[in-house]
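For reference, chains read A, B and C in written order, and residue numbers begin at 1 within each chain.
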Amino acid sequence: MVESITTTAAPAPSGSRAAVATLKNTFQMQNWVLASLFFAACLVFPLLPFVEGWMVFQGAFIIIYIMAAQGVSILTGYTGLVTVGHGAFLAIGAYTAALLMKYTGLSVIPGMIAGGLVSALFGLALGLVFLRLAGAFMAIGTLGFAFFIGAIVNNVPIFEGRTGISLPPNTVFGFEIDDFGFYYVALVTLALTTLFVHSLIRSGVGRAFKALRDSDKAAESSGVNRLLYRTLAFSISAFITGVAGALNGLIVNYISAEVYGDIWYSVDLLVAAVVGGSAMLFGPFLGGFFVAMVPFYLEELADFAFILKGVALIAVLVLAPAGVAEVVARPVRAWRQRKLLEAGESPELADAPGPPTGGGS
Amino acid sequence: MLGQLIVSGLAAGSLYALTAVAVVVVFRNTRTINLAQGDFAMMGAFLALIFIKSLGLSYLFALGLSVVCIMALGVLTERLVMRPIADSGWLTLFTATLGVYYILHGVSGWLWGRDTKAFPVTFDPTPIHFLGTVVSEGHLINMAWVTAIGVLLYSFFRYTKQGIAMRAVTDDPETAQLMGIPVRFIVMLTWAMAGFLGAFAGILAAPIIYVAPEMMDEVLIKGYVAAVFGGLYSIPGAILGAILIGVAENLAGGYLGAHFKTAIAFVMIVILLAFRPQGLIGIQKRREV
Amino acid sequence: MTHLRCEGITVRFGGVMACDNVSIEVPEGKIVGLIGPNGAGKTTLFNVLSRFQEYESGHITYRDQNIDRKKPHEMIRLGMARTFQNLNLFGEQSTLDNILIGAHRHLGNPLANMFSLPGARRNEAALVDKALAVADMLHLNHQLDKPVKSLSYGWRKRVELARALAAEPEMILLDEPVAGCNDEAAAELEEIVRHVNRNLGVTMLLVEHDMSMVMKVCDYIYVINFGANLADGTPAEVRENADVIAAYLGEPTQ
C-alpha cells in the first residue's frame, strides 16, 4: 500500500503563502469592483438624458454579440478547439425560440432557455462526431455544419425561409416589454453568463479545459478524459451562443433565412473572439462590441465593414495574437505578477533546493 | 434523366475539384487551410468579366490575364499576410486567411457592387445528344478545361524541377531545406498555384452561376469537403471526393428534391468522418495538426 | 510481485519496426531502467505502456489486469503516472496550476464542480492541499505563482515530476528525467527519485541516457536495441554484458 504523500498534515501556510493568498484575494476584489462598476454603468445607461431609443436597441444588440462571443471563447480560448461555424448555434437558438413562441406562445425567458438547451443538444451531437478529429478537419466540419443549418432554414418549409417568421410582442412574466425592457433582460442574462464563465474558468473543469488546450497529452496522462471534457466544452459553448441567438431573434420579433441562412454570423463570431481575445474574461466584451458596432458606423458602406473586419483580424493576428484584451491588460498583469512574486519570495530560500522532505522516512 | 444528372454531377464535380486541389496543395505545404480560396475564384471571375465587358478583350485573353492577376494576388497574400505569421500555429494561419476572405469580399463589393451580374456565355446553349443523354456544351468544355489542368498539374509534379521540389517540401520541409531547396520560393509558388486554380474555378463557374461577391461561398465549402475526402493530403483523393460530391448532390437534387442538394455534402462529410477520420484515401504519415 | 509487465509488444510505423517483440517486467516497489542507443524504441515502448500508442501484437498487464484496451486517461485511475521527455508543461500557467492538474483524478463530478456546489468546493480545497504538499516536498514553494515558462530547465523538470506525484500514483513512468540537466540539477532529481521510491514506495520505470544515474539508481535494467530486447539484469550484470558493450561502442560517438 503506497503511503500517501499527504499523510503528514498539509503544511501550515508559511508566512509567504499566506501573504500570497491575501494578495490574490485583493486582486479578486479589484476585479469584482471593476466588473460591478461596468455593469452598474450599463444599468444606468438607458436612463441617461441624452440616450435615445435606438441607442438602447443598439446596446441590447451589442450585449447579444458579447454573449455569443463568450460562447465561442469557451471553446477556442479556454479549450483550444476551433469552431468556424458557431453562427449555426445562433440560428438554432433563434429558430427554437421563434417557433416555440409562434406555436406555443412561450415568452422571452423560457424561449431563451429553450434556445440554449436545443443548441446544447446539437453541440453535444456535433461534438461527438467532430471532436475526435484533428483540428483542421474539425474546422471544416463546423463550417460545413453552419452551411448545413443555413441550407435547412432556407429550404425546409417550417422555417419559412426568406419570408421569415413574424413574432408577437415580447413578454416577460406576462408583461409586454419594449426595447428598454428587452435591454434589461439581455443585460441581466449577460451578467449571469459572465458569472458562470468566470466561475467555470476557475473551477477544476476549467482547469481541465485549459490543460487540454495547452497540452492534451499531459492532460490525458493526468486523467483528463479528452472526449468527455471537449464535448462538455462544446455543449456549454453552444448553450451560451444559443441563448444569445434566441435574444437575437426576439429583439426584432422577426426571424428569416436572410439573416441566418449564410455563414457570416459564424465568421463574425470568430472575429469577435479573436480580435477581443478569447482567453480572457473581458475579451468577448471588446470583440463583441467591435463586431456589433462596425456595421453600425459603416451602415451605408457595408463593404468597408468587411474590409475593416478583415484588416483588424489580420492586424491582431500579426501584432497581438492573444487579442486586444491581452494588450490592454498587460501592464496590470505585469504589475500584479511582480507583487505576487514579492509576496511569495523569501530571499534566503529562493535558490536552495536541498533534499526532498515530507511523506514519512 | 440519370445520365443527365451524372454528367451535370461530373461537371460540377470538376469545378469543386479545382478548389479542392488548391486547398490540399496549400494545406500540405504550409499547414494552412485557405479560407480565401473561394474568393480568389470570385475575384478571378470579376476580373475576367471586367476585361471582357469594359476592355473588350476576347474570352481567352481575358481568362489568361485574369489568371495571371489572381496568381499575383495569391503571391501577395503570401507575402503580406502569411509570411509575418509563418511560424504561428495553424489556427492563426487559418484565421488570417479568414481576414483575407473578409477583405476580398469587401473590396469586390465596393469596386463592383453586390448585385448579381451575368457572365457572357461563350458556348452554344443548345443541348447535345450524347450516348443517350442530353448534355450541355458548357459542361463538356468545363470538364475539358479541368482535365487539361489536371494533366498540367500531374506533369508539373512529376517532371519539372519545381514540382519535384514542391513534393519534397510537402514530405519533409526540414530535410528539403537542408538539401538546398528554396522553401520560401516553393511556398510562394504554392500560393501562386492556389491563385491559378482559383481563377480557373471562378471563371469556369461564372457562366453557370452568377457573378457576385458571394458566388463561390458554396463551392468553397464543397471544395473543403472534397479535400477532406483526400485526408487533406492526397490530390487524387480530393478529386475523387469532388466528383462524388458533384454526382451525389445532382442525384439527390434530381430524385429527392432541390432542398437536399446543398445538404448532401455535409451529410457525406459527417458519414465519412464518423467512419474514417483520416479521409477516403488516408495517408499513413501525416503531420499532426 | 509484478507491478507492470508487457510481453511481445510489436509496433510498426510504415515499414519501420519501432518495437520488435519486446517484453519487460517491473516488480513492485523497484526502480527499473530502460536503456539503449538512440532510436532504439524506448520512447515508443513508453508510449505503448502508458497507452498513448497502439501496438500490433503483445499484451500488457498491470497488477495482473490486462490493460490492452485502456485509454491514456484511464491509466491514472489504475495508479500509473508518467512524465514526458519534451516536458509537456502548460507554459503560460503558473507552477501551482500545472501541479493541480496532476490531481485531476480526485476532481469528482464535473457538473458539481462546474457549478461550485458545496461538496465540490470542499473537494477543490483538498486538491489544493495535495498540490501544496507535493510542492512542499519538492521545494517548489517559492515558484508556485511563477509562470512555468519562466523557470529554469531544472526547475521545470521538477514541476513535471510534481505533477505526476500530485496524482498519488503507485507507479511512475519517467521519460528521461534528467535529460538536458546540468550535474547539479541531475543530482537533485536523482535524489528526489530515490526518495519517492524508498519513502513513498512508488514503483518506477525510467528511460535514461545518463548511464551513471541509471547504474546508481536502478535495481534492474533492460537494454533495448533496434526495438528488441538485447539484455537485462542488475546494473553490475549489464555493465559487463558483451552484447551491451558492443551495441554502445558500435554507435557513432555521441
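In this section, a residue touches a chain if its C-beta (ideal position, glycine included) is under 8 Å from a C-beta of that chain, and two chains touch if they have at least 3 such contacts.
Model, not experiment: these values are computed from the prediction.
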| item | value |
| --- | --- |
| Closest chain to the centre of mass proxy, which here is the mean CA position | A |
| Chain at maximum distance from subunit B, centres defined as averaged CA atoms | C |
| Gap in Å, rounded to a whole number, between the CA centres of subunit B and subunit A | 34 |
| Rounded Å distance between subunit A and subunit C, as computed from the means of their C-alpha atoms | 37 |
| Gap in Å, rounded to a whole number, between the CA centres of subunit C and subunit B | 47 |
| Residues of subunit B defined as touching subunit A within the complex | 27, 33, 35, 81, 84-85, 88, 90-92, 94-96, 98-107, 109-110, 114, 214, 217-218, 221, 224-225, 227-228, 232, 258-259, 262-263, 265-267, 269-270, 273-274, 277, 288-289 |
| Touching residues (chain side subunit A, partner subunit C) in the complex | 1-6, 8, 10-11, 14, 16-17, 20, 199-200, 203-205, 207-208, 210-211, 214-215, 217-226, 228-229, 232, 337, 340-341, 344-346, 349-350, 353-361 |
| Subunit B-facing residues of subunit A, complex | 76, 82, 84, 129-130, 132-137, 139-141, 143-145, 147-148, 151-152, 155-156, 262-263, 267, 270-271, 274, 301-314, 317-318, 321 |
| Subunit A-touching residues of subunit C, taken from the complex the two chains share | 50, 52, 71-77, 79, 81-82, 84, 88-93, 97, 100-102, 104-105, 107-108, 110, 113-116, 120, 123-124, 127, 129-130, 132-134, 136-139, 141-142, 144-147, 158, 163, 165, 167-170, 188, 191-192, 195-196, 198-202 |
